[in-house]
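Both complexes below contain chain A, partnered by chain B and then by chain C.
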Partner chain A sequence: MKSLLSTIFLAIFWLGTHQIAQSQKYLTRNGYVHFKSNAEVDDDVEAVNRSVACALDIQTGEIVFNVLIKNFTFRKALMQEHFNENYMESDKYPRATYKGRIVNLPSIDVSKNGKHKIKLEGTLTIRDIPKNRTDEAELEIKDGTFIITSAFGVACADHNIKIPKLVADKIAEVIDVDFRVELKETSSK
Partner chain B sequence: MRKYLVLFLLICTQWGYCQEDLFSLIEEPEMKVEEPVSATFKGTKIINNQSNEIPAKGVLQFVILHRFGSLKNDFLYNFFGLDNAQVRFSLDYSPLSWLNIGVGRASLFKMTDIWYKAPVIKQIKNGWPVGITLYGSANINGLRWPTDGLERLFTDRLIYVHQILLSHKANENFSILVAPTLVHYNLRQTASQPNSLAVLTLGGRYKLSKRVSLNAEYSPMINRNTGWDGSQSTPFTNALSIGFDIETGGHVFQLHITNSRGLSDPVFLTQTSGSWMDGEIYFGFNISRVFTVKPPKI
Partner chain C sequence: MKKLIWILLALIALAIAAGLYLYFKPVKDLTKSKPDFWFDDLRQLNEVLPNIENNPGAYIGKIFEISGNVTEYSAEPHGGGYLVIESKDFNILINAQLDHRVVKVNIQENRPCTIKAEFTGMEEDLIDPDVTIMYFKQAVILNPKTHQE
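What follows is the complex of A and B.
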């Protein structure tokens, strides 16, 4: 009898963790990433990607991004071709990823609306070259939606993106990147 | 006790599942997307012939083409042939993602031309292997008629070129193009000259580095153009050109040597006068510059 009760208890507990695990994840597939090269000579090196995928586990603070390089749109089509073909080699390296953690998420009450400064620690992988980094971001919790925005710099050299001397004055060594994701709770399966 | 162990393991796997599976939530679906192959060639021309490429929608392209004097003809006296340069300017625009229209003017025969180019079927990555592009040009011979008292019509000036460009990007570096071509002269220069000539253009490129490629093209005539004087059987040779593409930002520089002086379609396809064997080779270049007229919203 005792063992039956404890079995039931554990079964419920297991189901409980299952439920919790499902409801902890927040997700989007149409996040926004924008970058601009603020170089000496302004050549309009700027692109936007509106189909960035991002997931956040609010239990662990774990956060991941998946950015398809081909989905970056430039104003200049030829620039987009060169970006894919010569700089990012998007056939070889189709995606940039980020896997990290919101370090101070445990200290934030996620059940209440509000704005918080957050600290991200993780690995940004572009062209299969991982780079550990720490970034500041802002988290806004609004009626169960987690909106994360940030702006940071990515050094071309960190990911072995080679800039020919001929265009060195048109492409900055550090590219200014900003993103905005609106994460919504995943519907439990 | 075993039950506890099983449940414990279940819980562990459950947690394990949440831990490592976050990224799998945002992986792209396994769906096979039909992605067209891009950048089969760097430029819209291989050398003289058209490649399958067109500028993107809303982009205006200006191309300057030069062919200098023969390497044989007082090469240094004519400053490496620069003094005898043939010139062509062309301006084209892509109103649609699959249509390019343009106008050009070449100095040889004072030829003005208008053309369309439509990549109707694109090569698909890991799928359909051939890009099919239609190309057609109408060329207007602008030379003054001889004062021989004969009546000639405007339509007598017209020469049409039709091409089906079949392109294939074999890998990142190597692309080939085969183009069955028909050239039609409304007016024959001599009775022995055919009105319609078939040409088969073969072209290719090999990328030497990210920004430099080696290009070559050969356009053998299937039936011979016998030329201005019927007594000469084949005064015209097949055009063979070899060159390099150098790509920088918004330009493509194409430097090449060719036995064709003419820069408009019917001339290099069917009226190539130079012969590689006799050293009648011309150095030349094409420079393109693109202007984004209607940028897409980003």
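What follows is the complex of A and C.
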């Protein structure tokens, strides 16, 4: 009887902790990232990627982004080709990642709807070159969905993206990036 | 001499026109492109998945025609968006970005759909590591019929 009770207790405890562990993860496979080069000569150098994977652990505030470079879509074919072959070398460096955490997440009541300014600290890795950074973003909690939006600059030089002098006036040294992810609670295996 | 100048001018004009055409050429509309590979369902795709995993370079950039059940989609008001095709029977998920010229998407979740799109790569899923996500872009929808700009 005693062993049966302890088995039931252990089973309830395991189920409980497992439930908590599952409910901590919020994810998306279809985040949106857009960038635009606001150079001296406006040349519409911009692209969109709607297949960005992002995961957030709301207990620790840890956040991960995974971006496949070849998924960026341009309007002009030649720009897309140059982006992949000359600037990003996407065959050699197929993905960009961001690993960091939302520093002030513990001070936010995640059980209530609302908008909050958040601070992200982490490492952005593009072309296998990591760069530590701190960024501001907005977190909207809406009926259990975590919507994170932000806009920031990425300096080409930080990730050894070389811009030929011939097109230096068409491509900005700092690229304007914005993203939006809608993270939903997902039970993982 | 005059003839030579005219020929040179014509050649220069031709070169400028070719340059401008290349510069402004939009990304390819895959509606009329012949697919390199086609799969009637995810079971067929699942069978060749090991080949793709072993040699992704032979498949990236190629055009796939794939049929399957749509489990998620999002259309944007001015064209584009994304859709997801998956089956519970296979650990494979198709994540396709729609071409920006695809408008008025006539898709319903949990209904069959056929797309043609460019394969861009594959990744382990963040949600379920047993699942492989195959990424596609510039997807056009062949069935059900969808309006193209």
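General observations
The rule we apply is simple: the second predicted complex is superposed on the first by the 172 of 189 C-alpha atoms of A that agree within 3 Å, B and C clash if a C-alpha of one lies under 4 Å from a C-alpha of the other, contacts with A are read in each partner's own complex, and residues count from 1 in each chain.
Just so we're on the same page, a contact is a pair of C-beta atoms (placed from the backbone, for glycine too) under 8 Å apart; a residue touches a chain by one contact, two chains touch by 3 or more.
Given the structure is predicted, the values throughout are model-derived calculations rather than measurements.
Aligning the two structures on chain A places chain B and chain C in a clash. Shared-chain residue A:Thr186: touches chain B and chain C both. The partner that reaches more residues of chain A, of the two candidates chain B and chain C, is B. Contacts of A:Arg75 after superposition on the shared chain: both chain B and chain C are touched. When the two structures are aligned on the shared chain, A:Asp57 is found in touch with chain B, with no touch to chain C. By the document's definition of touching, of the two partners only chain C reaches A:Asn30; chain B does not.
Superposing the two complexes on chain A places one region of chain B into the space of chain C, and among 1-9, 55-63 or 109-117 that region is 55-63. On chain A, the patch touched by chain B and the patch touched by chain C overlap at residues 27, 29, 48, 53-55, 64, 66, 68, 70, 73-78, 91, 95, 186.
Put simply, chain B touches chain A in their complex at residues 3-4, 7, 10-11, 14-15, 17-19, 22-23, 25-28, 35, 38-39, 55-59, 172, 210-211, 247-250, 290, 292, 295-296, 298. Taken in their complex, chain C has these residues touching chain A: 22-28, 57, 60, 72, 74, 80-82, 84, 93, 95, 97, 100, 120-121, 123, 125-130, 133, 135, 137-138.
Every residue of chain A that touches chain C in the complex is listed here, in rising order: 27, 29-30, 48-51, 53-55, 64, 66, 68, 70-71, 73-78, 80, 91, 94-95, 186, 188-189.
Across the complex, chain B is touched by residues 3, 6-7, 10-11, 13-14, 17-18, 21, 24-25, 27, 29, 43, 46-48, 53-55, 57, 59-60, 62, 64-66, 68, 70, 73-79, 81-82, 84-86, 91, 95, 97, 99, 164, 166-167, 170, 186 of chain A.
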